Amino acid sequence: MIKVVYLARLRDALGTSSEQIPAAQTVADLLIILRNRGGVWAEELAEGKAFKVAVNHALANPATALKSGDEVALLPPVTGG
Amino acid sequence: MIKVVYLARLRDALGTSSEQIPAAQTVADLLIILRNRGGVWAEELAEGKAFKVAVNHALANPATALKSGDEVALLPPVTGG
Amino acid sequence: MPVRIQTADFDISAEIAALRKTNPKIGAVASFVGVVRDMNEGDAVAGMFLEHYPGMTEHALQNIITDAHARWDFFDSLIIHRVGQLAPLDQIVFVAVTSAHRGEAFDACHFIMDFLKTNAPFWKRESTPTGERWLDARVTDDAAAARWKQ
Amino acid sequence: MPVRIQTADFDISAEIAALRKTNPKIGAVASFVGVVRDMNEGDAVAGMFLEHYPGMTEHALQNIITDAHARWDFFDSLIIHRVGQLAPLDQIVFVAVTSAHRGEAFDACHFIMDFLKTNAPFWKRESTPTGERWLDARVTDDAAAARWKQ
């Protein structure tokens, strides 16, 4: 199982703060699974949308491999400081 | 009369903190008067020595005109902060 | 611990004193405080809620400090970032850097703030007269971080 | 009064609070503290005496602030410089700048410190194991000020 965490504006837009996904080979695969839900998922996570993905608290890219137990986070553009 | 003030290392080297000079047309003239005393005066105030001159609290140059009542200060390189 | 995420306010003098300890090699302390403004993008802001991603935040900030140490010779640094509900005039963030001479302290402090703005997972939700809104990232923040890559 | 010359120590938090007043447009406060080190140019320093040229000092510092205002959009600034006898670890100088955004506060604060080092009539006499000595100006300080002219 892979834990997927949604933060800030994305959590509000998707109506979910976290969930478990059975399996995904890579970050790109996971995003396809999520987009295929359609609706806000397809819209908010569309190619070119400004969000980043972290795997186990480090920034990742589409090719980053996933394994069971990983925590993947979908991060809207940050606005701290 | 022109008041001449010597600060920090220059005061120590010249052994004087301030004095009154009867008259000088410009900063350059005043420096000639002082250098003509010879000894440490000629040495410390020689051309090319790193000191600056202020007239009435503003930095001046050799051509700056002087009048009675002015306060001229001879400043070694500053080291504050 | 050079990175702290907290809801509580902080005291600048006390934090700088703790950072300096009694190291007599320190000649310079540069610091920065970020403050909540009552206006943003033309709208009145009554307050804001600051969210972060625990675990990743500490990791991201520590990485920024490590990057700064690779570029400048300085002694210590401290980052404090508040989270939770904040009001105008409240302190949000504090960065301080100690070094022997001022150039390193200024540059490392500025660098840490610029990358904190672009690389650390914090998000602001503002309360305005028309409701709550998540802040958008500022393009100028990306430009500020990018200039260090030159 | 944005320029103060004093023998007394200062409290950073209190000074920043006074500078900010209750201006809710301020989003950024950059500040710098200079500190007496126990070593300089390879020699142990037991203490130092800071002299200045009263009247000209205030004038020179005010000019630096005026120059900074001409270059950057910021609200207020404060310069405190101590004079008299100081020991290692003592605070010497404090500069703080408030602005809406951080870039202006950082740059103006750094600029004020760089020109304070080269343009304000302060002199340090250090106590070392071989006696008292007046500090020489640092060439790097001239270079630091010169880079703002580019």
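Labels A, B, C and D are assigned to the chains in the order they are written; within every chain, residues are numbered from 1.
In this text, contacts are C-beta pairs under 8 Å (C-beta built on N, C-alpha and C of every residue); 3 or more make two chains touch, one makes a residue touch a chain.
Fair warning: this is a prediction, and the values are worked out from it, not measured in the lab.
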Chain labels contacting chain A and also chain B: none
Chain separated most widely from chain D, comparing mean CA positions: A
Approximate Å spacing (C-alpha centroids) for the pair chain B, chain D: 26
Centre distance in Å when chain A and chain D are each reduced to the mean of their C-alpha atoms: 48
Chain B residues counted as touching two or more neighbouring chains: 81
Shared-contact residues (touching 2 or more other chains) in chain D: 34, 102, 113
Chains grouped in pairs wherever the two touch, ordered by label: A-C, B-D, C-D
Interface residues, chain B side, partner chain D - complex: 5, 7-9, 12, 50, 54, 57-58, 73, 75-81
Touch list for chain C against partner chain A, complex: 34, 50-53, 55-56, 59, 81, 92-93, 113, 116-125, 134-138
Residues of chain C defined as touching chain D within the complex: 11-14, 16, 20, 22, 24-39, 88-89, 100-103, 105-106, 109-110, 113, 140, 144
